[in-house]
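Scroll down for the structure; my scribbles are underneath it.
Each chain carries a letter (A, B and C) given by its place in the written order, and its residues are counted from 1.
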Amino acid sequence: MKKKLVSLIDSPGFLSAMSSISAIVLGLLFGFLILLISNPGQAVQGLGIILQGGFSGGAKGIGQVLYLATPIIMTGLAVGFAFKTGLFNIGTPGQFIVGAYVAIYIGVKWTFLGGVQWIVALLGATVAGGLWALIPGILKAYLNVHEVIASIMMNYIGMYTVNMLIKRTVYNSLKNQSMNVAATAEIPRFGMDKVFVNVKGNLMDTSTVNGGFFIAIAAAVVIYILLNKTKFGYELKACGANRFASRYAGINEKRTIVLSMVISGMLAGLGGGLLYLSGANGRHISVIDVLAEEGFNGISVALLGLNNPIGIVFSALFIAYITLGGNYLQRLAFMPEVINIIIAVIIYFAALSLVVRQVIMYLRRRREQRAAVKAAASEGGAQE
Amino acid sequence: MEDYVVEMLHITKEFPGIRANDDITLQLRRGEIHALLGENGAGKSTLMSVLFGLYQPDSGEIKKDGETVRIDDPNDANALGIGMVHQHFKLVHNFTVLQNIVLGVESTRHGLLKMDQARKRVLALSEQYGLRVEPDALISDITVGMQQRVEILKMLYRDNDILIFDEPTAVLTPQEIDMLMEIMRGLAKEGKSILFITHKLNEIMAVADRCTVLQRGRCIGTVDVKDTTREELSRMMVGRPVELELKKNEAHPGETALEVRGLSMWNRNRRKKLLDNINFHVRKGEIVCLAGIDGNGQSELIYALAGLRPIDEGTILLSGQDITRASVRKRNDSGLAHIPEDRHKDGLVLDYTLEENLVLKRYHTPAFQKHGFLDFRAIRENAERLIDAYDVRSGQGAATTVRSMSGGNQQKAIIAREVDTGSEVLLAVQPTRGLDVGAIENIQRELLNLRDQGRAILLVSLELEEVMSLPDRILVIYEGQIVAELDPKTVTSQELGLYMAGSKREEVVG
Amino acid sequence: MKKFVTLLLAALMVLSVVACGGAKEPETYEIAMVTDIGTIDDKSFNQGTWEGIVAYCEEKNITHKYYKPAEGTTDACLAAIELAVENGAKVVVTPGFLFEETIFKAQDMYPEVTFIFIDGEPHSGDYTEYRIEDNVLSIYFAEEQVGFMCGYFAVKGGHTNLGFMGGMAVPAVVRFGYGYVQGAEAAAKELGIEEINMNYYYTGNFDATPEAQAKAAAWYEGGTTIIFGCGGAVGNSVMAAAEADEGRYVIGVDGDQSGESETVVTSAMKGLGAAVEYALEKYYAGEFPGGQIMTRDAADNGVRMPVESTKLDNFTEEAYNALYAKLADGSIVVKADDAGDSPEVFASEIIKIVYEK
């Protein structure tokens, strides 16, 4: 029994989960500190609301958690996938917004597609995101330009290009944002509007969530299988871990780097499509000079999820949950701006799970080594 | 009472998890050459780091001339007259010999260097110890052997009387080794005390007065060299008897398996030929050794053969098939195996498990994947078979992360993988580098086995003993050219050294 | 590490003790405001509205709080309103036309809650249905009137090369601009000036951008002496451009912006706070004019110029009051945003409009 427990504790999965959870606890601790400083009288109550997360908002609240999680699952997968293959794709904001634009463009203009319009729009978003990452991928593989630099540039090019294209093609000038997509381009709800809804009088206050959440989950499963079960995943990870050894093994490492970036970009682009193909009540691209935050949040999600596709789904749900919890914190006498800080602190500490993991591993190794030395010492003593 | 110039008494130094030095006592007499012998990881470097103040010992004391001293950093050691010639020289390449010698201890007048005085002293020291250095030559223009003598002069110039040589012969030709031995004897005669760190038994027998042997952090003992034998020393070092002579059957070479014709490679800016018109062949059932001093084009030639670096001219034939332009994958699949020089960089994905590394060359074959999905059961079975056959030891068997394995077992894993492909041609680059004596023995025996089974082996080695004992033919490479083909049975190591140093050459070999 | 954790926990405990002894916060908030995408201190819409709420509530000792939606979507705004209502809000104030669809839904969802809606009227997402229930009051402002006054006194003050730099071409901004052009023409006619040059441009956002600043600088370079910076932080870009040059001036918007920069000579002010206070007063008096869409104009002090801080030449309080009275009593009628899609409809013999799209 004890042996079983020890082997469970020593398993890498348990270690990963533990480090993520410890990081979250650490984040909450610091969040609580800020709660205390900003409003001591309601800090405990406030922490309660944060922990209650999306549940404060009834069925709609839970739906909103799934809705907020959807795009960051995708960008988290994009970042995590690239990490696994040794690349730091910080270009997710650009790939995300380019994907979003193509989805909206198809969603507004290509009404002739009828019932499959939303599918085509999502495919378009995926392709666009992939193409946007192709450029840094090629630069990295063939010219050794660091992907971080190239993809940061592509972020800005993407944002400004999308702003320009929206104004030229699908502009709602009154609201300075993209137009509503056609009804056939909205991602079907798959019955989620029946579940995640608060009834208000004779009106339904439905959550924004739609079938996009299932698509994101499916993407996570596909990426998990791709990375862990396939020959291609073996090559990708080998390239990430050791480019030279991959070359030595006969893997075309340049092609692998490009493909890895493209797949990562496709995930981010699809994320853009999933978020923006919602109805008039949902998101529109605002023509402002700000990089898509969902892209950057993908980095936190991937770090908290330790780059594991399944871990990423959970960490995205957690971050969405805690974000919404922060929103409900407005019930108390907290300034909304302070709430933003609190939530940011929790998320960023949570993203330190990799560090926590290393600390745990370090402590464990030291403990083992101490024991080994002690054993060796007593053995030596016996000999003398 | 003996006259000890430096004593390290009962030194213990513990790192998390290991006791690198466990109650080690090392006493250096005035005017002696004292060898420090031990395998990798026996604790030699830790002990020297303690002597130079890089680590503080957990217990034990250091005495200089009988007085207890405290050494907090290398400057303290220097002040006590202790100096070291490192394995990798610490010289400024675009400075002259003289400038390098005075670097850090320049004497000045009104802010200007006083080089005349320094030159006189350097020349006097050089004369006194027979070092024969040219004070105004640039470091980049002189041989490795002379660079080493510059390092020695640096110590002498600083009035060090305790000289530590860290694996000094690794980079030298036999002639240079002889000269170094001569210099060391001269230094000792003049009253300098020398500590000579090495794992080469011949050199100890040739030059040392006494020898202290370390094994796994412990001091096995200090012996007088004249009272001991090589076998005894190696037994002390390894902890069990080791066979020092390789038993070799007669070679029966068959048809040509690998042939290289007119191969040339330029460096990146096309100023210099790294490989110049290389021609040779390797037949089935023979081991051909590419001998030479490190950096004469061996690595480039192997990379060219393996397809990791493009060539500019020439043809490579593998069993008669032209693979000059073939991809790495194509070459691997057509029967070229490769034990790379740098196992961590090229040979292994350290973060992959042992079983994953054991299929690194073959994961794409139908045996291990179907429709793009890996067959994990086949991968596991393959790993278990190889682990068993090659005695690869690791913490968690097939699922062990390779990074956590010892160097010897990592090398065994590579050899298992490369040999198991059944390839006709094996490129083995320094397959025994950095390994324990016992492991070296096993690997050399395995290579001879493969030869007897009819494989063609191209061996690259920098170890003179290995070059003389293992192959059936020796090709000497010097500055990118093959300068001689020699028969190990008839050639002497002196003669081999002349070829390696470029001072002698045959006309081109087919 | 252990020490650090211990220290942290100790600090938390001490603070928690302090926390328990802290002041009691109210449990519910009677008056709520939901901000639009901007911040509460945007020196514009959100801030003006909030100041009105604070002024009224502090005087009458009523609890009040503002809420920020999680993102700029209708669903998120509805969620914020839900939060406010759950927190005890009887009145919800929403500034800005971005709430049009939100209020359209909220008015049905929360029939017992009163909504004060600034600068917009509820309609469905696809603009097919406009409907306002009895629990909603929509308040518009006659921006064209104050725009008129600014244009008028700018020309009176000796400016003949004018500029209008709007943010997004939303109705309120359009009205400011149209009034401004008409005011300039009226003053030119009075003074017998033959030509007024008018540069006209919408930046497309409410942000201070390098582009807006470059455009304003180019206008100033080309001889424009005064620019009406009309739309959130766009004015700050214009001020930055004006500061770089001698004799270049700015007209501020929404609130009195003379504190923002020396170059601001006057501002086209909307009585946001006053309007909110008015509506709250009516609500508590039991006379809430629900179901109405009202426009606050000169007649009820809905718009004005800051007489104290105006630094235009020839500007006097008498002249201002006289003009104000004419606007209030209807003897001067200013055309609003229904005049046409482009400011070019106001081009005339006198007014030369260069409209850059």
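Going forward, a residue touches a chain if its C-beta (ideal position, glycine included) is under 8 Å from a C-beta of that chain, and two chains touch if they have at least 3 such contacts.
Model, not experiment: these values are computed from the prediction.
*Asks:* When the contacting C-beta pairs are counted for A-B and for A-C, which pair yields the higher total?
*Replies:* A-C
*Asks:* Using only alpha carbons, which chain's centroid is the nearest to the whole structure's centroid?
*Replies:* Per-chain C-alpha centroids ranked by distance to the global centroid put A first.
*Asks:* If you average the CA atoms of chain B and of chain C, how far apart do the two points sit, in angstrom?
*Replies:* Here the centre of chain C sits 78 Å away from the centre of chain B.
*Asks:* When the C-alpha atoms of chain A and chain B are each averaged to a single point, how far apart are the two points in Å?
*Replies:* Chain A and chain B have C-alpha centres separated by 48 Å.
*Asks:* Per the centroid of Cα atoms for each chain, what is the distance between chain A and chain C, given in Å?
*Replies:* 37
*Asks:* Using the touch definition from the top, list the residues of chain A that touch chain B in their complex.
*Replies:* Per the stated touch rule, the residues are 229-232, 234, 237-238, 241-242, 244-252, 365-366, 368-370, 372-373, 376, 380.
*Asks:* What residues of chain B sit close enough to touch chain A in their complex?
*Replies:* 14, 16-19, 22, 306, 308, 327-333, 338, 340, 345-352, 356, 360-361, 363-364, 369, 372-374
*Asks:* Looking at the complex, which residues from chain C come into contact with chain A?
*Replies:* The touching residues are 1, 8, 11-12, 15-16, 18-19, 22-26, 35, 37, 39-40, 65-68, 70-76, 78-80, 82-83, 86-87, 97-98, 101, 105, 108-111, 125-126, 168-170, 204-205, 207, 209.
*Asks:* Any idea which chain A residues touch chain C in the complex?
*Replies:* Those residues of chain A that touch chain C are 29, 32-33, 36-37, 39-44, 57, 60-61, 64, 68, 167, 173-176, 180, 198, 200-203, 205-208, 279-284, 286-289, 323-324, 327-328, 330-333, 336-337, 359.
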